[in-house]
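Listed next: structures, encoded as structure tokens.
The following pair of complexes shares a single chain, subunit A, combined with subunit B in the former and subunit C in the latter.
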Partner chain A sequence: MNVRCVVRVCVLVAAAIAVLSVPVWAAAPIKIGIIGPMNFVQGKGHWNGAVMAAEEINAKGGVLVGKERRKIELVKSDSNEFLNLTDATNAMERLITSDKVDFIVGGFRTEAVLAMQDIAMDNKKIFMGAGAAHPELCLRVAKDYKRYKYFFRVTPFNSNYLVRTSFAHMGFVGAILKKELNLPQVKVAIVAEKAVWVDPMIEAAKGVIPKMGMEVVGTWRPSAVATDVTAELSAIQQSGANLIFTVFSSSVGIPFARQAGELKVPAVQVGINVEAQKDGFWEATKGMGNYVFTTNTYIRGVEYNNLTKDFVEGYYKRFGETPTYTADTHTAIKEGLAPSIEAVGSLDADKIVAHLENREYLVPSGKVKYEKDAQGRPTHDLTWGPGYLTSLGGQWQDGKFVGVWPNKWVAAPGAPEVTYKGVVPYKIPPWMKK
Partner chain B sequence: MTMISPAVQLKRLVTLVRTEVLVLPSRVIVAMFVLALLGLPLVSQNPYLIRVIILTSVFAILAASWDLLSGFTGQMNFGHALFFGMGAYTSALLNIHFAIPPWGSVPMGALAAVLTGLIVGIPCLRLRGTYLALTTMAFPIILMGIVFALPDLTGGELGISGLQRLSNSLVGNYYIYVVTMLVLSAVMWKITDSHTGIIFHAIREDELAVRASGINTTRYKLMAFCLSGFFAGISGGMYAHYMRIAGPSTLEVSMSFSVVIWAVFGGLATIYGPIAAVFVLFPFLEFVRFWPEYRTMIFAVVVLLILLYMPEGIVHWARDKMEKECPRCKIRNVATRKSCRVCTALLD
Partner chain C sequence: MNILITGLITGSMLALLAIGFSLIFGVARIVNIAHTAFYMIAAYTIYFLSAKLGVSPFWAMLIAVAVVVALGLLAYRFLIDPIREHEAAVLIATIALAMIMQEAMLLIFTGDYLTVSALIQGFFVVGGVKVFHQQVLTFVVVLIILAALWLLLMKTNLGLAIRSTAEDREVANLMGMNESRLAMITMAISVALAGLTGAVIVPLAVVSPFMWMEPLIIMMAVVVLGGLGSIKGSFVAAYILGFTEALVVFLIPKGAFLKGSVALSIMILVLLLRPEGLFGVSFEEER
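Now for the complex of A and B:
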């Protein structure tokens, strides 16, 4: 073999290595920015959900864009929005203009999301909101569709529906109490943390509860970070309440549940208790949080449809905890964006918007259909109700958080009865039956 | 009237630069900083970079306005977010409900902040030190309560969104904010260098002595509150129009404390110290985004270390390293000089 031949072989081998191994030959990835308060549980949910979606999509070779498969590349961005609004907007600007992401998913605090939404809209980037519940975010889409059409809500459904769901939970438990305990009328104590977002909910509750055939015996407003609520609990006990409608998003949810359990207050807790949604609630209340009922998006063992189990168990296996609703970044990417990108065959935001807003698709928490307002204008808000998104009602029963609602739920006269797979009967605390 | 030829004017300018600017490193740095700021869009129009500089400029005005009140006059204000939030909310309300363009709404927001300064200043005149600091800290919290109590007007927890920007162009906005910051900083510095500024300074050092000199200190303290409120109000209005939202976050306690950190970090009673601090700390906080989990901790450690080793602020420290003050005529000289550039006295 002469020298020239050796050189030719070397060149060919080098070229083959270059073609096979250098990533520049691969299609550019689709960059998705995940923005959220990354040092808080909400942001961790955002990131974990997105990581899971990217891993699942990439394991199948990526997203088919036209004729090429493109992998998902995630860009993590800490918005720090609980502490600093300016930080949140800077993070969004950086994602779009420096990291040059194709899509953005995340956001939590409404004031920050409003500001971030404007930056995304300026740059005509699709922004899928996965945390803020205020209706205003989607009202903007209806009011100025041309500018705000790139915004979609992924989770949760808007706060008006959240209130409606909580009342449905209260009605569900109230009916059980009335029947099981032979009560002529269920007496309700409203206990809500001192926070601005709670105020309209209390007013609504005061109006709705009598219409549901129950009586409001009083309203208590402990501090959101109270560590002792025995005074409130004694007063509730004195009032003769059978049901405590709770609205807690902060740490007060733990002492309230623990002390109510210690005192064996003869009233069930129903409503929103964010602390009770967490896996560590049982230990935090030392088991005294037994029978606490709270709304939640995911509960292990409860299936909305055939996507739920894979997602919830997969998430639990991967991250060691039950997913919270902000982990629906998974839904946004896997069931929302990816199929629409494949359908339109490009990353063109306008084409994806046109496709996405008209889709109806299954997600692990139900079915997504984007709403239109009374005038027929797209809002890109989530449809709530049987057959779509409803969320769940969960109860702590002897150390396990189980799904108890919807169980033969009829949303309106004539509507179909809804019961999800894995839902178990609601339990009344034994000390109330005496 | 005699006309001065451009050549003569240029010669005068060169002489001025050579004799007034180039003689001191601090002035050279300031001149280079101003030139760099004004020239930045010619080099880069990265929207993220432009955004960071614009917001830095807004907070620089705010920090300097705090220095004007607390640094110079010694009226320790721990609730400076009140003026900022007042400016932001007033501008937003005027822009959204009365369709007043930002050119009108921002100055009117500043006037509302002046009025607020007057309202806050009057009850605070009797207080000093810790008592004053705690009282002032309560005012933004009160205003936040009002914001939440009137959600139909103020937007409640959402704030007022959808505001107009001062300019729709990236570079246009940049120059509006940067030039405003430079002009307002110069105005504030000029105020502190004036007769009024000397009285402010004197009030901080010994109010009793100032009163004994026949000066109405009450009037000057109120003036300090109003002036500080005016500049902070402008920064609040400009912030709201840039972010296109005025929300409760403008009134948060963290906003008030950030201002104090910036001012102390840069050096009190200087005006340019807080400005320098904002231009160091705000971009630095953006720079450490590469390590998001430890971002705030890194920031806190840097601030602590700087304050530990440079207790009078970064500007005083840097200036003392580069320059020396003449013991006879008090003129500053470059540190390498052996004798004063004016009176020739020995510097060591």
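Now for the complex of A and C:
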């Protein structure tokens, strides 16, 4: 055999290998559009969670669709929804018509997600909502299933459940205050930023707090972007409040915590403070946010189940920060979409919807089961409660954000106690004990 | 006491911003909508220098003012000056400039809320009210800046030239004053005031790319209330609205968010009843 012949054989063998390999590596990728406010922490969470999911799936060869393995390809889309709703709808249109994605995950502001939802539904694209909490998004599914069935909520659970969780947190801290400070009755000041989504929460709180054996001493509504809340803090202190029920999703959460801590206002802060959920809160408040309690989805060291630690620590290692709830794009892709695609063996949206809505599966923040309404109609909303999704209560303790709730939580009379692995005792600020 | 302290501090901040805005309008008829965006740039510069590079907050504040003045002069030279004769075009151009600055900060620092350490920590109690040391420091610094500005305007030749140009541009020009050069110097003083406001307020505020919008609206209300182009009017109106805001927050806790709306309502009322503002020149008289 001469040299030329050897070369020919080698070329043929190489070509054969290449051709045989094509079905594995040349299969078209599954394109997933990740949409969110990419210049903000929420959008970063969307993207990072999705990147992590895609890397994990692709490292194992991709998603098995029928007989071929297909890799995940992410398409990043900045919805700019905090500043401009039109940008959000344009971004959604572009993902579908120009980028030709197979699925969409993300969205944050309810107003934007409602508009984006319609575009996705017009195109029969599965849209996994990973940010907006308004119930209407899923009520639409129940009311007009044929049109809206392609929408699923991934995170967070809807705002009605968010309120219930916040009240559970308030009851938990109120009981500790009453016992440890020997208070005859805990006095509650409601402090909520001026925003439409907060209004129903305030009305509900005014009704529920007295039923919990506590007294409402006043309601304060600073601007969502207020930078000085000393006036409110002064009035709260004069009201004799022991507990401040906070409802903040915007920047006001920082000056409120910072100034209350610096002035050593003798009342604990419990409720929702989105800024306090971020790793940067300690620095943002210059350490004055100590003892602030807020609801959160992930806290390092706290485990809902055996998936939590891998996800939270993996995310921390990869991106250098604790995942926010919008990073549940990871869940949407890895635990939601991918197994359903493999189960139905295609990217057919109708088949995937039929499969996904009937599944019950573990995710790093609990267990997902899609709800049905009172009439038995699918809502594609998330089930809340022990055994499913509950979220966590976290407190800043000396520079570290730790999990303090649920700790022996009984959701309803007769229900089992719930305590997640890694929660630690709640701490009362020392200046309140004097 | 709380109302007094909050009113004085808020009023002083507004005075710094509004006087800067009024000054450049009075001298050069430039409606600089980007005025508070320069204040935002100063805040970010201080954050970057002190939090990221470890520069002492004092030096960071001085550098921030210098940066803002340099940016202001560049904006004047290349954006405003070529279209200065068309007031509407200047207004639109400065809106665009503010948006560009906002987007630039958003790209560089993202939308995360940032803070800067207070120069002095802690508080003291007066009449049962807790007052931050930083608030007092801020108030004192604002008073010093206002006093320095007063001296500049009232006791120097430059101040005389600025005031006379503000009063009557054409006559000032005929008297041999270089109106174009004065406009540039006034622009520098104006943005320096915006930068100084950012510098003194930043330890008490939250730094974000949108922090320029809310003060812009209130500042406009101050300027209209005081009389467009009137420095004295801006000074008085700033304290009126500062105290109005404080009263709203303290007397209507559930309606604290209404403070901006109340200020704007006052502005609309003034426009209807006395379009020239408290100390302004009526439109009919203006040349």
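A few comments on the model shown:
Quick note on the criterion: the second predicted complex is superposed on the first by the 410 of 434 C-alpha atoms of A that agree within 3 Å, B and C clash if a C-alpha of one lies under 4 Å from a C-alpha of the other, contacts with A are read in each partner's own complex, and residues count from 1 in each chain.
Simple rule for what comes next: contacts are C-beta pairs under 8 Å (C-beta built on N, C-alpha and C of every residue); 3 or more make two chains touch, one makes a residue touch a chain.
For clarity, every value in this text was computed on a predicted model and none was experimentally measured.
In the superposition on chain A, A:Asp373 makes contact with neither subunit B nor subunit C. Once chain A of one complex is fitted onto chain A of the other, the partner contacts of A:Glu232 are limited to subunit C, with no touch recorded for subunit B. Counting the residues of subunit A touched by each of subunit B and subunit C gives the higher count for C. Contacts of A:Asn84 after superposition: subunit B is touched, whereas subunit C is not reached. Shared-chain residue A:Thr285: touches subunit C; no touch with subunit B.
Once chain A of one complex is fitted onto chain A of the other, the partner contacts of A:Glu56 are absent, as it touches neither subunit B nor subunit C.
In the overlay built on the shared chain, the residue A:Glu93 is in contact with subunit B alone; subunit C does not reach it. By the touch criterion stated above, A:Asn39 is placed in contact with subunit B and with subunit C alike. Common to the subunit B and subunit C interfaces on subunit A are residues 39. Across the interface of their complex, subunit A is touched by residues 2, 6, 10, 106-107, 110-115, 117-118, 121-123, 129-130, 132, 135, 204-206, 208, 210-211, 214, 246, 249-250, 253-257, 259-260 of subunit C. Put simply, subunit A touches subunit C in their complex at residues 37, 39-41, 44, 82, 193-194, 218-228, 230-232, 234-235, 251, 254-255, 258-259, 262-263, 275, 278, 280, 283-286.
Across the complex, subunit B meets subunit A through its residues 46-48, 51-52, 55, 148, 156-159, 161-162, 243-245, 247-249, 254, 285-286, 289, 292-293, 295-296.
Interface residues of subunit A, counted against subunit B in their complex, comprise 38-39, 76-78, 80, 83-87, 89-91, 93-94, 96-98, 110-112, 114-115, 118, 134, 136, 140, 196-197.
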